[in-house]
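First chain written, first letter: the chains are A, B, C and D, and each begins at residue 1.
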Amino acid sequence: MKSISSAHVEAWLRLCAKVFSEHKDDLTDLDAKIGDADHGVNMDRGFSAIPPKLEPLADKSIGSLFRTSALTLISQVGGASGPLYGTFFLQAARLADGKTELTLEELCECFDIGLTGIVNLGKASLGDKTMVDVLGPALAALRPQSGDSIETALERAASAAREAAEATIPMTARKGRASYLGERSTGHKDPGSESSALLLEALTETIKDSA
Amino acid sequence: MKSISSAHVEAWLRLCAKVFSEHKDDLTDLDAKIGDADHGVNMDRGFSAIPPKLEPLADKSIGSLFRTSALTLISQVGGASGPLYGTFFLQAARLADGKTELTLEELCECFDIGLTGIVNLGKASLGDKTMVDVLGPALAALRPQSGDSIETALERAASAAREAAEATIPMTARKGRASYLGERSTGHKDPGSESSALLLEALTETIKDSA
Amino acid sequence: MKKLINSPENAVNEALKGMEAAFPDLIKVNYNPNYVMRADAPVKDKVALVSGGGSGHEPMHGGFVGKGMLDAACPGAIFTSPTPDQMHAATKAVAGEKGALHIVKNYTGDVMNFELAAEMLRGDGIPVESVIIDDDVAVQDSTWTAGRRGVGTTVLAEKLCGAAAEDGRPLAAVRDLCKRVNSQARSMGMALTSCTVPQVGKPTFDLPEDEMEVGVGIHGEPGRKRAKLLPADEIVELLMEPVLKDLPFKQGDEVLLFVNGLGGTPLLELFIVYRKAAEIAKRVGLKVKRNLVGSYMTSLEMAGTSITLLKLDEEMTTLWDAPVYTAALQRGI
Amino acid sequence: MKKLINSPENAVNEALKGMEAAFPDLIKVNYNPNYVMRADAPVKDKVALVSGGGSGHEPMHGGFVGKGMLDAACPGAIFTSPTPDQMHAATKAVAGEKGALHIVKNYTGDVMNFELAAEMLRGDGIPVESVIIDDDVAVQDSTWTAGRRGVGTTVLAEKLCGAAAEDGRPLAAVRDLCKRVNSQARSMGMALTSCTVPQVGKPTFDLPEDEMEVGVGIHGEPGRKRAKLLPADEIVELLMEPVLKDLPFKQGDEVLLFVNGLGGTPLLELFIVYRKAAEIAKRVGLKVKRNLVGSYMTSLEMAGTSITLLKLDEEMTTLWDAPVYTAALQRGI
């Protein structure tokens, strides 16, 4: 496969709704340890609201799908993760406007501008124990290597994301609620890093299933 | 022994302070079941305040000892048991004024007028699951039988009191806080019946020890 | 036991010290015997209102001392009624020529201790009347019980009679108003958890995760019955039903609806309860004209709620709206 | 989980319905997006004060909507900051020509969501300023954290700025006052128990019978450190020390002392805490000129307390004494 389609993106967003409903408790448990026990509930509330909004869309371009998801997340989630993931999709939408296909290069550009949006808003650096610690390495792994198919690149990104999420465990948080705990935040996985890994894994699974 | 002296009464009151400090938790536990978990604390607060008040008394007649105890209980205990036991001693004091000895007959009269005071104030009948269910049978048992010594009569009264306290277990409360529980009050010993039994047992022990 | 106290013995006195420090313009506190009184008492030409009861029910009663409500409050040990010398000294300190009304919750101990105090006061030549509040429909008023407990209505009676006293009415009028308030109000409560009396150090009763106590009073005691935990709306139905049945509330009656928290229940939940209680009142044709929502009469840190319904008339409504300035209730001053 | 709710999903909305039913003259509630607004908003010639945050902190913020305090409050899901559309709609509903001040507690989510709303409002041509409250000395203000949390000072800032806005001052003046209040106040909190987020159904953390969490915020999160439980007086010393050290409070300074309950702590205990806190303030030469004692900013049913010290000046004292009429704070109206 050399590109992903609107249908892929829509299937991915629908799968995300399912994934976050299934992982609601795990994510909330992670947040209970170093946050305020709502991350799973937040992600579930946000992503479960997306599919009903996609249904009636006239414009099913990838840009339109991303923008609709962004606005839904921003208006439904609240907390830190709502604006952050919302911004990610809102920025990505700018590069995907009117498009019904994205090459791997274009996907990387969308990802890049989305992640830049998150960093601009949240000011997190690598190592601060946030979703950025997953999204950064995942983007690096997604970048095309010679002879790559989209499936291969996505699998690489997903496993980089998974590894990066685990790697947040020994980190001491410097951003978000977990930073209030100081040293006590070490030894626990960052909930946002886990939700980011789940997003990447869901995208990879969507593409693999349709291949 | 044919009579009890001021010294006996004072020794009894001092022993009561010790007994209620030792039985504080038991009495409170009983009250936790069908009341408000304070009877032991109340009895201990009241009776521990008596000895320091007896110390400086110029008039150590039995009437004076009883009246001092009465006023101490009334001003220190609160709750239902404070005025009830306070009234008992206040009434008894009227018959013991100026006396330094009480015969068994006189002791019974004091007890009788004290109990009448409790009944007038609290309006409890036999079977209502209160201290009256112990004090009534104890008084009956205390009444002189032919050839009685005070010790024998008191032992009879104390064992009647102990039996009567146990006999409150199957009763359903009709007075005091426990009555709010209705049927749920059955199966538990009334805390005031236990404190009354302890009072009688302490008196008996005092007299026996001094015999 | 996890409490912000230094020792069970000193908790009540230290809390009084805190109140005294926090409201120097409003109240004075006397120690041994303990009572809280209006800083400006005795107030001339005014019936003095005195109440009291065990501690552990804060803000009741000390938090209701001030202009437009109580002149004095006598706090006993935790859950133990105060002693007669407290009411005696407090009433002497605040009563003027118009005399004093004692508002007494119907518990054996409270009634007896207040009665002893009233006798002492009459001996001193101070006119005293007493009204006993007994509004708890969880208890049957029969020869089989000590009579109904005094619960939520106490707060309402103290506010309404306080306004009447402030208005200069004579003792008999304030007493009669208090009786009328009591006769027109009913309450019922329930608990989700027990509470821990500091002197005891462990919860008064155990309550499994899926059960509740229905028909509790305010002394951490178990209720009339234990039942399976229900959603809030069903609990409110359960509480409202006996309250509505007991008083001859008629279609179109105006009422005051008081949703009280027992100490450990957050306001969020009390509003959920209020919502349903108001809905039920409306459904049966009552007009909720005034209300009170909050933890005003508590049972230490017990989680739970009680609902009180008072049938209002015009006079009571006016008195309810009158200014009040106390630690726990303030309006219009 | 034992709560007076019907379902975790509906708890916030049902509580809003209850508030709406209880205070029809005082507030209006809008649903989807959720916000609570003054019944008489928009108020002419007045800066509109808008705040918001996760639910579960009641009475904050909805209980502070009314004359002399907030014009609108935006409640998010429990412990989750509200979404930008709530602040956008609420601010549009209450702001007049003088614009609006957003009072924002310093949490990543709150700050970002309010910032997005402010951008939307600026797009609509509505003058908006934001002040971020960050008074919690338990957190170091460094690049190693998200900055200090906004806790108790929020309540004080809302009262003082509310009075200033009522007074007709322009937006810049109210904003500067808010910043000054924030810069002159510090807080520190501790918890005896965890709390249970309804959607989660079990306590956020386990805390043994003999331990406490020191340096907690208001989201049921664990604190900076866990410590052995201590008597109340020692806990108060522990909380006051970093508060006093952080602000250059000088001998003779006049302060407002705010002892806040976290939801499950009874008033009796808060007064014990207040007593000691006032004593310490006096010991170090501060003059406690005003105070507030009660559960105004809570963490559901968490047992615990927080202490806030605000250095007063004459202007602030006057604003503190100004009339206020809200569900949770009433004075002089």
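Keep in mind that, in the parts below, contacts are C-beta pairs under 8 Å (C-beta built on N, C-alpha and C of every residue); 3 or more make two chains touch, one makes a residue touch a chain.
Note that this is a predicted model, so its numbers are computed, not measured.
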Fewest touching-chain hops separating chain A from chain C: 2
Centre-of-Cα separation between chain C and chain B, whole angstrom: 32
Chain centre separation (chain A, chain B; CA means) in Å: 75
Between chain D and chain B, distance of the C-alpha-averaged centres to the nearest whole Å: 55
Shared-contact residues (touching 2 or more other chains) in chain B: none
Residues of chain C engaged with two or more neighbouring chains: none
Chain contact topology (line, ring, star, complete or other): line
Those chain pairs that satisfy the touch definition: A-D, B-C, C-D
Chain D residues within the chain A interface of the complex: 33, 54, 76-85, 107-109, 112-113, 116, 138-140, 143-146, 149, 197, 199-200, 204-205, 217, 219-222, 224-225
Chain C-touching residues of chain B, taken from the complex the two chains share: 28, 32-38, 41-42, 45, 74-84, 121-122, 172, 174-177, 179-182, 184
Parts of chain D lying in touch with chain C, wherever the complex brings them together: 1-7, 11-12, 14-19, 21-22, 55-56, 58-59, 63, 192-193, 209, 212, 229, 231-233, 235, 263-276, 278-279, 288, 291, 293, 295, 298, 300-301, 303-305, 330-333
